[in-house]
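Which chain is which? They are A, B, C, D and E, in the order written, and residues in each are numbered from 1.
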């Protein structure tokens, strides 16, 4: 990609949630929600993050904005290392990173007016005074396609799509650089999804935003992203620019994922390669390659050795022994 | 499951400690002096002082507390000042009386409460529903001591169907027991019955709205199977969890009810112990009752976990 | 001698108060006495008119100097456990009583006792005590005779084994006490009839059950439905209805106790004699007693009833004046300035409770600032004894101490009673009363003592040392098939029989 | 079609009482379904898809809902008029249904074995043993490994995909002629969704039953369905064979829906979003209920709700454009 | 507006009349039949309590030997008791005290229940300790503990308030905690946190306001239970001290005469029941309207 400095760069992001168990409620095990993932997003870029339920997308996104403290790993935002910042120092950084949530119902406080909801980040970060905030809220509402008079209303008076717009306005209030969009359209009807996706794209153009766009809808991800990262069970298995990824998926899981999606074209009915089996529990991930239990090309080495995310084509990284046989992997690793 | 039970048991320990602390320190605040009660009203001050020494009441607070705990661990809750008997012994002797009435009331509560609740839910918004719920609401609002007095007048005095007071152990005479405990049990149960009917009704309505009920209907099961099997078991699970609370409330009500009906149970024991400043009985009795209820709830929780496969053992 | 017209039957008695123990040495409550006096007997007791009589002793011989009492025991008396009663048992009983007995003060002048033979018991005094036999025969907390093996029992833990006509079957605290006829009982042949707690006693019924029924309404209802054969403490409100019931006989026991309030001499305003006099002047005793008892009362004056030899009406001029004007004048004179007057009463005895409420009302009418403080009975005693700042009048009832001796009624006002021992035992001593009291206790003969009693009573009234309201009638009642149930200080079940017809 | 349809829904109206008023959640819905055919119903949330399916089985919760008009002819028999007893025979045995939420659609307190066996035993008088054997067979058929063990497990012990398989096993237990599948894969992950849809597709071939597949995923429609009904605000606004619908949608709403899909294999700059939101059932809209959101709306649209008009054989749509009123095509805008 | 603005769409063309949230709530409450019944009952009782001195000139503690045991009549609406006191006045003034005690318990519950519940629910560290203490308090049967505490502190209406508050606060705290646990995990809390909002702000602005509905419902029921329990305490002589009338001690005093003068016991009992009924109905109504998912609480 461009040689410019990435806006956010996370290395070895890891989050283990403790599971309490046993008679004394001691930590019995951990859910390896995210297990050593590297994320790099350049300024103005959109990174799509896809994967099945529970693979750690949300956790990754929340760690990036330090809503969750990582168990391990380093996060550099705009050149500043943020993983050890205390609450006060973090507050300064928060201006630049915001998050949009999936649930248009749960993400807005039902007891606050839209005005209060959107103005809240400004208030917390002490930006402007009451009247200037009022103006800003009106402007933000216009920006997301709502009207200023909506400011006096309460969330329950809005439809799902409109609520999502309110959530977006709130995220934009502090003029952030990075916005983590955690499945912002999954809960919406198709026709409304398109509205919101278009809006996000427009806003990106208008404000030069950088997105981490989380979704399990590969179509939407393709539409909005510049690059796409595929996760499986807490691991990144493939990262590539979107055209490359969709045209030339390397990891068997990515292939399966793409093949599983029904194409909205009755003329292209294909008998698809359906992968068998269920997603294993992240509390007891399989040894070696985590996908080996469902992989159609599984080899012995997959059960023992964990593949590394390695560069194949330029900017195309894959973690698979098929692509990077273990013997060569070490050598390649050295050169990357 | 085993781990779950053990964990629940371990939770009980700090709670028990706090319970015992509450029971002990509570009565230290009490004005009045048990030594006077023991020594008799016409005793002289020196005599009272002698009694106080005898009973250890002249020791500082922490010494009394430690002594109490030390004895507690030996299963000794002391001797009643007034009855001159071992507290554990008197309490345990009274417990069956209160328990038998509370269980009787519980059975009444469960049978009528659940039945009425289900009937009302199945006939939602009909006059049956309204009638049942009105009765339940009124039941919930009646003060039990007042109800007891009224019931005595109606059923014992005017109609003469049931005895006015007293208690016949069921080990001696089942019919006599039933006759002597029916009015107290009804007075106790009324409120809980109403409450349970309401809980059952709302739970039933809630369950009937669930997807799996729709599934059962979609499978072509007849209504009695849908309600009697699929809904009922799901209704019973939350109901089981309130049994502990209901039981506790029933036992609690026994203080007044046992006084009104002159029944020699734990309620009247504790009630009069409080009025007479019988420290060991108050402390020991409260402790025993609270402990019993705590353990009962533990058992219910475990049963609940057993019955409801949805309970996650790894969560609190 | 007397014979049961009919034998057999199970009698159930509805008793008001809970029985906490049957240890007749260690418990002073009326409820204990109600039951225990059927099980136990003592050397001496009282007859129907409260005169001392012999019970387990056949004879008592008092030495000239009054320092030696020699009791000859009745022969052939057995305990419920079958053992014979001997002088060793008597000595053991006295030993226990002297250690833990509630009224062990009556033994304070006793130096020692001895048992020269099985049937002789000798008491040596260190100092003459003219009232000794009277004290010994008191049934307040009598020195009942128990088997010597039981004499080591801790207070309240005595095995209920005695020599009385009934033996214990079952004691369920707060529920009931069941007694049955003791077949080994040997009636006192010296008498033909039951008298008081003594005389010729026979158990006619098979069993007696004292059922605790604390709710007055339930007691009455139980009697009406026949669940109970006899009850005590029938509320006056029910008396009329019960009287018209042919199956029920009302048995009022008049002058059961004298209803009164005693003042606190330390806390203003009752530290002033004028205030106490003002209060006495203000009160309308008829009204107080009517409301307190619903009508079960006599407003007779005096700390003894008229039928007793020591009766006196000295001090009557201070009683039941119902004269608010005079009261106000006295208050003014006393310089009363709205200090709070606290009436300390309890709910356990509803008559005391009611009396306090009416009294408060009447005192408010003369412009006093009155507050009623309700505690339970034991707590009021504690407050009275320990907390002189918390009360002005304490409501109570005196049994006029028939059991201790008629004169002893004023014991409650004499040292070392706690009401005088609060902050400074000497400070509030009323000289005049004290002189009269000493005379009353130690006077050479009855006439002197009677004189002193009258004087003491006059002083009490004049100085407001106590505030008597009137005499309480205790209503007992029985089904009409219960015969010979004659009221006494406590219910007696011997020589009572149940007719098959009423 | 020559053979009589398996199911023929005629002018179905289902009314709910809510918030003090009544509204028609489904109005004037008609469609036919042939033996072995797969019919897709698509539409936005609240458009009446589930209510239509539940109406067929007479499972509308009453109160507040009720089928107030129309006929549902299943093999010529009007289910609206059928007795309760008859309906119970139909449900599960002749028409089965599976639901969106496999977690909540299975009774949590009974093992899945219980839940399958009871269905079989209620419809067929066979022994418990035989029913159990059949249940094992069914679980095996829907792709559950070690079926004999799974029989005793409770829903919470299974993954989402497994639960949906179990639901399907229950639905298939009596060999129904018609399966109503109400968004059976919406709650599942794509890979699992594909497994389930493939399974349904296989089972249809094997058992020859007809399927009504309710979804809002047009991809699913394109891949698995023979004919499509598009619903909007309680009405059918277009119906056509699947190929034709995707090729030449006649209703602007259908067009909009198709335009909203982000394609997997080519880049689009903008999606063709439909503006506005679905009207609430309480909103009074005199004419075409889509008119407020429609880019082609004309005054006439606000006057009367257009009926379904035939656009081609087996293809009809409810839009006045088809009357030649205003032949503007989307590409002309 | 740029061209993209049109495509952003979804701008309703005209502002609808701004709806007020509160008025909608009241409309829903007032169309709830049971709520209205409860409201009317409580309004009556409250009216009686507040305007007791207007509704009767009789002094509730004034005795009169001449008028003992007057049955209800024009002159003595609720009759008189054994002291000849006007029962009408006593019941009215009793209402005043009962409601004040109930209110006192509710206020203490609101403050401490919210405090403890919020701390326990929000700060996981405190949860265990606070909830074990709450468990311990809740292990005691309600009335027994209340009796114990009043007996310990000495009988008075103030102490009855303290005792009942001590008994019910853990229960309220549990309710608050439960909803805090839910509210804490809501995404709008995450959103606030993402802006750097501190715990205090989150609790105040986001968590607690959303616990209000269950809290209000719970407090209504606590009100009902407190009125009932206070009557029990008074009945046992552990509540307000005579001659001050409370329903419990009127019943207690009257029970000796239950057969001869039933009105003394009957009427305050019925009024008490009606009050509790009214509160229960209010609670039901509030629950249905504010928080339909709540179940009947103990």
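By definition in this document, a contact is a pair of C-beta atoms (placed from the backbone, for glycine too) under 8 Å apart; a residue touches a chain by one contact, two chains touch by 3 or more.
In this text, all values refer to a predicted model and were calculated from it rather than measured experimentally.
When the partners of subunit A are compared with those of subunit B, the chains appearing in both lists are D, E.
The fewest steps needed to get from subunit C to subunit E, moving only between touching chains, is 1.
Comparing chain pairs B-D and B-E by the number of C-beta pairs in contact, the larger count belongs to B-E. With centres defined as mean CA coordinates, subunit E is found 47 Å away from subunit A.
One simple way to say how far apart two chains are is to compare their mean CA positions; for subunit B and subunit C this gives 39 Å. Averaged C-alpha coordinates give centres for subunit A and subunit C that are 89 Å from one another. Annotation for subunit E: residues 7, 9-10, 154, 255, 258-259 touch two or more other chains. For subunit D, residues touching at least two other chains, in rising order: 270, 273, 275, 277. In subunit B, the residues that reach two or more other chains under the touch definition are 31, 149, 153, 157, 259, 275.
Those residues of subunit D that touch subunit B in the complex are listed here as 54, 57, 59, 61, 63, 87-93, 96-97, 99, 101, 104-110, 118-119, 122-123, 154-157, 167, 170. Residues 61-63, 65, 68, 82-84, 154-155, 237, 241-243, 252, 255-261 of subunit E are the ones touching subunit C in the complex. By the touch criterion given at the top, residues 31-34, 36-45, 48, 82-85, 90, 93-94, 149, 152-153, 156-157, 160, 163-167, 259-264, 268-269, 272, 275-277 of subunit B touch subunit C in their complex.
Subunit B makes touch with subunit D in their complex at residues 125, 209-212, 214-222, 225, 229-230, 233-234, 237, 307-310.
Subunit B makes touch with subunit E in their complex at residues 11, 14-16, 18-19, 22-23, 26-31, 137-138, 140-146, 149-150, 153, 157, 195, 198-199, 202-203, 238, 242, 245, 248-249, 251-253, 255-256, 259, 267, 270-271, 274-275, 282, 286, 289-291, 293-294, 297.
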